[in-house]
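Here the structure comes first, spelled out in structure tokens, and everything after it is commentary.
Note that the chains take the letters A, B and C in the order they are written out, and that residue 1 is the start of every chain.
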Amino acid sequence: MTTPDFSLLETVRLRRPLVHCVSNIVSAGDCANLALAAGASPVMAQAPEEMEAIAAASDAAVLNTGTPDGEKFRACILCGRETAGRNRPVILDPVGVGASPWRLERVEALLESFTPALLRANLGEAQALLGEESQEKGVDSPAGGTFSQRAEAARLLARRRGTAVLLSGPEDAVTDGESLWKISGGSPRMTQVTGTGCMLSVLCGVFAAVEPDILRAAVTAAAFWRACARRAEEWSRGPGGFRAALLDAAGTLTAGDCAADARAERLG
Amino acid sequence: MTTPDFSLLETVRLRRPLVHCVSNIVSAGDCANLALAAGASPVMAQAPEEMEAIAAASDAAVLNTGTPDGEKFRACILCGRETAGRNRPVILDPVGVGASPWRLERVEALLESFTPALLRANLGEAQALLGEESQEKGVDSPAGGTFSQRAEAARLLARRRGTAVLLSGPEDAVTDGESLWKISGGSPRMTQVTGTGCMLSVLCGVFAAVEPDILRAAVTAAAFWRACARRAEEWSRGPGGFRAALLDAAGTLTAGDCAADARAERLG
Amino acid sequence: MTTPDFSLLETVRLRRPLVHCVSNIVSAGDCANLALAAGASPVMAQAPEEMEAIAAASDAAVLNTGTPDGEKFRACILCGRETAGRNRPVILDPVGVGASPWRLERVEALLESFTPALLRANLGEAQALLGEESQEKGVDSPAGGTFSQRAEAARLLARRRGTAVLLSGPEDAVTDGESLWKISGGSPRMTQVTGTGCMLSVLCGVFAAVEPDILRAAVTAAAFWRACARRAEEWSRGPGGFRAALLDAAGTLTAGDCAADARAERLG
């Protein structure tokens, strides 16, 4: 049975997997720092000219479509194709895919070039990818919806795209189109900090780099991130301190701490 | 009479306006986090291909010319024209406009393409736009000058460009070319953190998104930012902690807190 | 005799030198904030169109090859050539030069266009530049090696390239190919935060802007950075707080504090 497996944290810290992130100008620093705090070794390149060489050395890739331009999408295609072709996990975070027809069209082109192991999105992004009308406003304010709406959208997306899906919100839904996990807990402050979704995608890459079962990696990443949030809330007085404390938690929580803090249940 | 109207803070938190920021690689993360902490929903795109679609959905745009390249200026023109054409406020922050003849020429081209609702600059930047000799050194060390120099430059710039101007310095000057406001208070640590000017511009966009009177929006943003700074100074021991504490303050100060902390006076 | 000269800190705070940084999307904000906290005035441009004008006004340039693209390398060549041509110090930080053949080839092209005053690298990067096999994994996890390996690689690189070299690791080696300095102390947390190497390179630029003896500037920068790290460790509970506390330390430590904290010894 897939459960959050916090012993992965120790595996990460031992092996220091190389996680290649094509990131964005808003959260690149926080993403690299999170990968490092969790115990991985991040590489943050984005030039098409070096995607192949870096993919050849990486244990996982995390492709993020925030603050995109044409070159970055070109790099993502090269990176995704090469990494997936080597049977290494690719996490796709289609940030703001509903923001413009151009971005949607470019993300669709990505998904035609390779199949990610995992799509990590919010409800608005999932709806855009499903061709549904969305209430999405900005990248940090996903239309909340209910958990069953998120679970339904996640399952639909997983089946249509043939990948696992982690759909974030007040509770996270993780699914491969069949089985379904619900991860809850954490802190309401999570929505007051930008890039916490991008950072969760990076964590998925970090755990997927050492765990071939993508559902287990995603459930563990989501549960770990909520354990970090719960601790970070105690350690901060507002969103600025919380942002720093998330990294403190990621750098110091043990497997045992996480097991005490996280709530994950299998629903189907 | 225009006064800082901190009830705007509650309006922002209620309506969560979508504020589109064309930002820079130095302060994009801090800018997005500030918009979010204040209660707005930021979108940080910069590809020319998606400016029109995002402008159509945004409640305000904040264009920042830090770390520019040709494509970003092209995006700024498209975004500014579309947003202003829809009668939504555009805030222009001509970061480092005096840094090179190329940057000055590109900012002039922006200003010929559309009229921003507000120019938010420091004295060195205002002087560059006025064609005056400046003592500007770097983007974070505006030639201080006296308040009356700043007020004079702001008025001149406002009249010449037909926009409101918020000119930052030890005290801020806000003017539409006629009436003049002076906002003081805050913390000397403000000049020890990069991007605090960029962040103030974002706040102007956040408040202008819910308040059609641009002077009122700008005076409120400036006064709110100084209230945040005063609180953040108490909460920190140096510039790194101050940077985080600014976001803590923006995320937690109430209208009442701000009224107690801010000093704004109408001078003309 | 070259020793860390912490009175340079006072010179920097007095003169506020303009330090031009061509940076990357991961650490640009931290780099600008560090320059500012240390007392300098950073300018963070990267468009080829404005390199010449900015170089003409700058007291030093720091070129960083993280998250590169073709345009940025073009900007680095223009900036390096112009700055070095004006006899102002250029610091080259060949971030991740071993990450791809393309990046190595572009960095080699940089080094053929101008001679930096100082190369600031880690062992993996030095090995890539020396054409040696490296164990480098990612930009933040330099193959540790022993101090004597680092010292040897630094000397070899300095002689081959005709520049001073600061090679970072558990202890830093500074050399002009002949004399050798070892700087130790600091905090193990330094390796848990991304960009601390980029930030050290910026500090080298800050001190080199006011001190013509590049060895003295580099030894002082390395010793100052370790003094900051020692203090920041006391002030933090994990990597997120440490990252902020590094800036607190850089903004508040006095020359006297540093003298008490830093250990630098001349070995040859």
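Everything that follows uses one rule, which is that contacts are C-beta pairs under 8 Å (C-beta built on N, C-alpha and C of every residue); 3 or more make two chains touch, one makes a residue touch a chain.
The model shown is predicted, which means the values in this text are computed figures rather than measured ones.
Enquirer: Connecting every touching chain pair, does the picture come out as line, ring, star, complete or other?
Expert: Looks like everything touches everything, fully connected.
Enquirer: Please state the rotation angle, between 0 and 180 degrees and to the nearest 5, that superposes the Cα atoms of subunit A on subunit C.
Expert: 120
Enquirer: Taking each chain's centre as the mean position of its Cα atoms, how many Å separate subunit A from subunit B?
Expert: Here the centre of subunit B sits 32 Å away from the centre of subunit A.
Enquirer: Mind pulling the residue numbers of subunit A that touch at least two other chains?
Expert: Residues 24-25, 29, 243-244 of subunit A touch two or more partner chains.
Enquirer: Given the complex with subunit C, which residues does subunit A contribute to the contact?
Expert: It comes out as residues 16, 18-19, 23-25, 28-29, 32-33, 36-37, 41-47, 49-50, 52-54, 57, 71, 235, 243-252.
Enquirer: Sort out for me which residues of subunit A touch subunit B in the complex.
Expert: 24-27, 29-30, 66-70, 96, 99-103, 137-141, 192-195, 236-241, 243-244
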